[in-house]
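Sharing a structure below in structure tokens format, with a few things to ask.
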Amino acid sequence: MKLNLLIPIVAGSLLSIPALAQHKQIQLPPEATEVWEPEPRKVTPGEENHLPPSDAIVLFDGSDLSAWKSYKTGGDAEWSVHDGIFTVAAGKGDIATKESFGDVQVHIEWKAPDVVKGDGQGRGNSGLFFMDRYEVQILDSYDNRTYSNGQAASLYKEGIPLVNATRPHTEWNTYDVFFTAPRFNEDGMLIRPAYVTVIHNGILVQNHYEVKGSTAYIGVHQYEPHEAELPIKLQDHGNPVNFRNIWVRKL
Amino acid sequence: MKLNLLIPIVAGSLLSIPALAQHKQIQLPPEATEVWEPEPRKVTPGEENHLPPSDAIVLFDGSDLSAWKSYKTGGDAEWSVHDGIFTVAAGKGDIATKESFGDVQVHIEWKAPDVVKGDGQGRGNSGLFFMDRYEVQILDSYDNRTYSNGQAASLYKEGIPLVNATRPHTEWNTYDVFFTAPRFNEDGMLIRPAYVTVIHNGILVQNHYEVKGSTAYIGVHQYEPHEAELPIKLQDHGNPVNFRNIWVRKL
Amino acid sequence: MKLNLLIPIVAGSLLSIPALAQHKQIQLPPEATEVWEPEPRKVTPGEENHLPPSDAIVLFDGSDLSAWKSYKTGGDAEWSVHDGIFTVAAGKGDIATKESFGDVQVHIEWKAPDVVKGDGQGRGNSGLFFMDRYEVQILDSYDNRTYSNGQAASLYKEGIPLVNATRPHTEWNTYDVFFTAPRFNEDGMLIRPAYVTVIHNGILVQNHYEVKGSTAYIGVHQYEPHEAELPIKLQDHGNPVNFRNIWVRKL
Amino acid sequence: MKLNLLIPIVAGSLLSIPALAQHKQIQLPPEATEVWEPEPRKVTPGEENHLPPSDAIVLFDGSDLSAWKSYKTGGDAEWSVHDGIFTVAAGKGDIATKESFGDVQVHIEWKAPDVVKGDGQGRGNSGLFFMDRYEVQILDSYDNRTYSNGQAASLYKEGIPLVNATRPHTEWNTYDVFFTAPRFNEDGMLIRPAYVTVIHNGILVQNHYEVKGSTAYIGVHQYEPHEAELPIKLQDHGNPVNFRNIWVRKL
């Protein structure tokens, strides 16, 4: 029926469609494959690409840590803000965002401590945690061998980065990270894992990496069910790592 | 230009397309979204769904182990063939297919030893290995608690099955497994992980599971680069597990 | 043996481990990679694999259509139940489940009309719709050429099955389908597509296929945001296709 | 058995593990989850992130089009090089890289024509083609509505970008694209689709997008089997779009 209705419509036009009988694809106006809805909303990029676009939630713009709290106490984040950057205050503990996030794009810039000190995991160690548990490692991995799944831009104790793109300790590193949150069913079983893509200083180092579970220093990573949105966390690992220009976009 | 060429063609036809100006999708013959090539080749299913279809490579049809070799010696597979089935001959070692495989569908049926003996990993233990290293666990997990990532239909020491669908030791279990092989780049870095889907007795227990690396009894699973096609292996874990009706299809 | 090798390493306390200094992986007890929680709940498979397991929601067991309603009117499903099967009553319209579903495993058995009649899309046409919009095609594709993305086990007007595994019209076909629902963000943009795996008569024909959008007879498939759970639908395409033994499991 | 053997081994050490008997995970040295091989090779990032890193293949550094050829004739690429940039020479046809690529990271910068002219698809139109067929659209989409799946950063006539991040015609746009090539089996059936991630001016707009098939102006996109590596192409759509700073990295 539908065919009968349509044939007379098209016949007589350019198409004349003997093609149909031979099961060939008929030539059609290109408008047939245009999709007009939804229209993507407009976002104004930053003046330079590393600066926050118009829809970003700015987590640090150089002035203060008002978007953060102490992870342990829930009180003020007591890391050191100075010269438009902030620095881990060893012993003050991790800091976490006041806001919670699920699927996000994160831009963060970090620089190893001013004085090179320690080796391996002991040199310029911090970490960027998604959902309070999935860690992208921050480490001064410039000329500083450690285990491959623990170097800068690794999913800590999980995913080895494709290459080592770390800049020397006098330069700022950037991470652009796309994180999508995991899903669990009613049994608490994992239905969809988390994924992470990491670009380190403009270089792809984790490409749609499937996260294996909650980051653990000791033992195998396992998933455990959790909320759909949770804070982002930065780690106090005892080294005065520097940070600046942090922003996120909800995906 | 293309638009100009097409508008006169279509205008005057049924469409008359004032729609175009309003950016609406024009109505088109349904043939526009028909795709005729390639034509999927015909496969005749088995008389029943668990029997080998016409394009299957049969690895055991009840008669002999001619498709298999001893994994250790490369000589004959010395497991015991009897009554149209075969049974692990403890101490004879693993057996491997003579043919190599990359992406495959595997159907395999197994039954726990006739006498229930041992506990946990000690009861009815064997394993189905893809590419000589990625193990789908075979275990008598009926009323036999062990670690969740080591029970029947787990990716051994990796992926917990969604549910426990094991039949009692007097009944045959079936696995239908879809395996896609991993890829590595020239640096030996993993570009695409392996994936496994497992249906246990008709029940989905692993859904497009991303394999973490080579199965290991001890230590964290890691990928190491390997050939594109490798044998399938069955494990001698010292328990007289029974097998029948094994076939594969190259995907 | 592995255990014996481990004794000297681990005994005498963990931390002397000279291996450490050489950056080698230390040998550890195999328990280190056991994961005991969560424990998968037990499901009793059907007596045969195609019969409903203990956690299935049975949509048709041969007796009546009480799990279904008329899609158009919302009233009773008026298809014909007889001899333990049911048959499309041409003109009565589609039928839909009373219950809604998101991620599901579906088992369904269908048989072409008793009399072979018509060609191409006109022969034994029906359809299995997930979430009221994503169609796995049902068609008598045995010796009945049509467009490849419209034959049995295609994602209709989208995904061509890997092979044609259709049985002749005198035999029952089975589909085992694993469907995972799409997700949309607050803008209504697609964040995660739907996926479908289809096993046709025991043969893998769609492997974690990414659905392109809502099935459409005319025009390009596009996603539109919708609820997280929606009914499953069977299509009245005017042909007396037969059904039996339908069950689903929520994933 | 293994448990019994291990308890005495580990007991007496730091852990004392009564946990074992209750099937809990034993505490182990953190070294157990360190992975030292492979060691990611070192890559020196560009002085700024948008500049080519040490392992990049530079396709345009401001001087000449020696990395490119005319797509139609295979002879010299005849687009206009000036002021450290190059510009589409309308009518000279598409240009393609001399080298072929499979999985790649691509950085490209483009700017709409100096004079704003035309509307919709007619304004500042070009395209970045992977493998000679998969197009990421280039278009002056700043205040220039067209169909959503045809605007800047769309997979042309396929994938709508998550947001519209286009800069005005006086500014340079950047695309950072991660492309992974599709795979086909011996039947010519698609085994693994292509994926594309696109970052537009620092903003994620395509996240591991599954490509539907070869880009087509008319008709539905379908896959057809092709070589594992093929040139990258830039489109002459008749508009003098400007380009600079193009580099790729093989993944």
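Things to note:
Here the chain labels run A, B, C and D in written order, and each chain numbers its own residues starting at 1.
The rule we apply is simple: contacts are C-beta pairs under 8 Å (C-beta built on N, C-alpha and C of every residue); 3 or more make two chains touch, one makes a residue touch a chain.
Nothing here was measured: the structure is a model prediction, and the numbers come from that model.
Common neighbours of chain C and chain D (chains touching each): A, B.
Of the two interfaces, A-C and A-D, the higher number of touching C-beta pairs belongs to A-D. Separation between the centroids of chain A and chain D, computed from CA atoms only, is 17 Å.
Distance between chain A and chain C, defined via averaged C-alpha coordinates, is recorded as 32 Å. Counting only residues that touch two or more partner chains, chain D has 2-3, 23, 25, 28-29, 32-38, 40-41, 145, 147, 160, 162-163, 180, 187, 189, 217, 219-220, 251. Note for the complex: chain C touches chain A at residues 23, 32-33, 35, 37-38, 40-41, 103, 145, 147, 180, 185-189, 191-192, 217, 219-220, 222, 250-251.
If you check the complex, the residues on chain B that touch chain A are 2-3, 6, 9-10, 12-15, 17, 20, 23-26, 28-32, 34-36, 160, 162-163, 187, 189, 193, 210, 212, 220. Contact residues on chain D toward chain A in their complex (touch as defined above): 25, 27-30, 32-46, 49-51, 53, 55, 105, 107, 145, 147-151, 157, 160-165, 167, 174, 176, 178, 180, 195, 197, 199-205, 207-208, 216-221, 249, 251.
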